[in-house]
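Structure provided below as structure tokens; questions to follow.
We just call them A, B and C in the order they show up, numbering each chain from 1.
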Amino acid sequence: MALLVAGLLAYAAVIGPFTAYMRDKPMEEKLGYVPSVKVMKSVSVDQKELAGASLVFKVLMYYGTLMGQAPKGTILKDPGDLQGMSRLLHGAVQLDPYNMDAYYFAQGILTWDAHQYQVANALLDYGMKYRNWDWFLPFFAGFNNAYFLKDYKKAAHYYDLAGDLSGEPLYKSLASRYMQESGQTDLAIAYLSGMVKTAKNDAVRKSYQLRLQAFLEVSRIEKARDRFARERGGMPASLEDLVRSGYLKPAPVDPYGGTFYLEPDGKVATTSKFAFGAKKK
Amino acid sequence: MLNMMRITLKGVFRDRVFQGIMALAVLFLFIPSAASLSMRQVTELSVTLSLSLISFILLLLSVFLGGTSLWRDIERRYTFGVLSLPLSRSSYILGRFLGLALFLVLVSVVLGVAACVAVNVASSLYPADRPVVWSFVALALVYATLKYILLVAVALLLSTVSTSFFLPVFGTICTFLASGISQQVYEYVHSAAAVQTVSPLFRQVVTAVYYLIPNLAGFDLKINAIYSVAPNPRGLALTACYFLAYTAILLAGSIFLFNRREMK
Amino acid sequence: MYALEICGLAKTFKGKKMRTVEALKGLNLCVEPGEVLGFLGPNGAGKSTTIKCLMGLLRPTRGSATIQGRDISSAEARRSVGYLPENPAFYDYLNAEEYLLFVGRAFGMAPELLAQRTEEMLKLLELWEHRKRLIRTYSKGMVQRVGLAQVLLHDPDIYILDEPMSGLDPIGRALVKEIILDLKKRGKCVFFSTHITDDVEKICDRVAVINKGQLLVVDSVQNILQQGTEGYTVTVVAGDGRREEVFVTTDRLQSFIRDAAGESRSIEKIEPRRKDMEAFFLEIVAR
């Protein structure tokens, strides 16, 4: 009896700090060490699909806390342990090559955040071998090729495939419509609004929404800039010019917390360097 | 034999095993909500979780029921009363095996219905891109059940030579784990990459072990059920034949060994 | 045809460290139909080993045995036998009624007969009220009674009982004795092992004494008791009516009777004074 009471008291004393400790553990630790895929494959025996799904969830939870922690309006400098997430997702599709969640999520972080377009495409190609009915994977691959890699021939091939699989002629026309440099922003907006609509997970949707917002702003600036150029016969000197002259109302806001500006060649950029503005050259 | 089978089933039910399973089956209620965590494949995830849960329950049953039923009879000296009846030892073993097999079938039918309900709820909340093909789910269940019935036969075989429950229980678990990787290991030692690093003797040992231990990977049709991928009919037929042949060998071995077993 | 015929039965156990234990060393024994044979021996003499060999639970190292002419290696040999294991244990997740039904089916009894006999046996052994209770809730004596019920259930011709009275209270022992005597009356063959000489003296026709795996004596109980007679206690009544008890050795009995007649003393009672079964048993085993 005394032992039971002592045990209960000790438990009550310890459980609070213990829970707090677990909760406040650094996030890098939370993603944790995952044994090699070979080991996982052996240990999961006939539960490979479950193991795969649990890996994806681990990443998703990690990403969710990451998004939740970032205060609104601040520059999201640290995209988290991208390598770790990528490793887990690759593990997941080796355990279950059909796991769509893994491809979907990998497409999101590998391209926008990690800029590893080739890795993303290799993963999508791997998935297409298995999910041969799914138009999402060629749709992603087409977008990556068209937008990031500027390989329009390959992009057209993937968009064709997506069109065939989905039975939607839209994807075929996508290819032709946005295959010029000038259509890049619209291409991204079309892609992102599609992703926002189909996203079920809050953290994922939030990240796409943020990016979509940024692109809508870029598009607005671009339209104002073009109107300015058409009507005044020359590029505006700066973003402030556009705002002051009334072409751009209200002033653009970077959802990532940065400030938009015009590069010397007229290209729209932002100080938050939300990946695409900075890298795209 | 039927008599023995009836007693086996009665024993399993009287030991409240079924109630235990039903307690575990409460987890099915959480499957739709757990599956809705998925980003793009709610229905698929609900099928995954359902089939995994059923597999896990069947695994526990086959290992513990299969591994302890003979041991318990011997340990508690029930065998003196039973084996002295005009009942051959082969019909004792077969009756035990069939009773346990029938119980596994019953459990998988009941849990299968529960799984179907859970999957239905999940897919009605978030309709799947690819509709669930129920016949594939049923096939996956049937083959999972066959797999664990085979595992029961493994447990019985080990029980016939063992005087404790350690060998049957842990031996069966090891067999199960090994069965999951035997194909991989076999393919590795016969791959070009392994030619230099693996000694020929080791390769032969691995090959021998590969043919000796059951290859249960073929019974796993989860992928087909989860992603509605049509299974290969020839593969299914071969797997069924493999099941029959391997189980027959295991049972024959169990009978042979149990016939020689002395009830001290 | 003998009810039981055991020819040169031997059993060697392999013990630890390559040691072997000879539990039975070539046993020969025949039991007639309708005979009650007590299998007497100290603990560890090989009684249970013999019985387990007969019931197919152990495989004899050498020798053979038949039950009603059928070799013990086949399950069919056990069809005409009712066997009570030593300290029996039965599937404790069943109730008494279910266990009897299980046993009856194993013997291939017709359903109606089985139902009727089950009821009879449960009532005979005073288990009727408890028939729906699981065996795991039974006391030791009740389990033993379940054992007897399953022995008697299919009304076999041969009964092989391993220590049927061990661990029973006096009431239980009396019940078992009564049952065996009843079987004897009905011409059944009973072969039972025991280490209690008193039981043998009271109920057996013959006794077989075993020690260290060897059969020492097989003889009728009557003979043994006769041979063990050391002398007689004679009660003599003198002319004046005075009673006197005199011990007379066997060889002097005849002359004593003659003398008594000559001295006009009447002999009222002659009682043999003998060693009992226990003394006999101890003597043999010690030899």
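The rule we apply is simple: contacts are C-beta pairs under 8 Å (C-beta built on N, C-alpha and C of every residue); 3 or more make two chains touch, one makes a residue touch a chain.
Heads up on the chains, UniProt names are B = ABC transporter permease; C = ABC transporter ATP-binding protein.
Note that this is a predicted model, so its numbers are computed, not measured.
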(request) Just tell me the minimum hop count from chain A to chain C, counting one hop per pair of touching chains. (result) 2
(request) Look at all chain centres (mean of CA atoms) and spot the one farthest from the centre of chain C. (result) A
(message) Based only on mean CA positions, could you tell me how far chain A sits from chain C in angstrom?
(response) 88
(request) Quick one: report the Å distance separating chain A from chain B, using the average Cα coordinate of each chain. (result) 41
(message) Report the inter-centroid distance (CA atoms only) between chain B and chain C in whole Å.
(response) 49
(request) Spell out, as numbers or ranges, the residues of chain C touching 2 or more other chains. (result) none
(request) Please set out, as single numbers or ranges, the residues of chain A touching at least two other chains. (result) none
(message) Where in chain B do residues touch at least two different other chains?
(response) none
(request) Would you pull the chain A residues touching chain B in the complex into a rising list? (result) 38, 41-50, 53, 57, 60, 96, 98-101, 104-105, 131, 133-134, 136, 198-201, 204
(message) Considering only the defined contacts, which chain C positions touch chain B in the complex?
(response) 13, 52, 55-59, 75-79, 81, 83, 85-94, 98, 102-103, 105-108, 134, 147, 150
(message) Going by the contact rule set out above, which residues of chain B touch chain C in the complex?
(response) 3, 6-7, 10-11, 14-15, 76-88, 260, 262-264
(message) Can you tell me which positions in chain B touch chain A when the two form their complex?
(response) 36-42, 44-45, 48-49, 51-52, 55-56, 126, 129-130, 144, 147, 176-177, 179-181, 184, 216-217, 219-220, 222-223, 226-227, 229
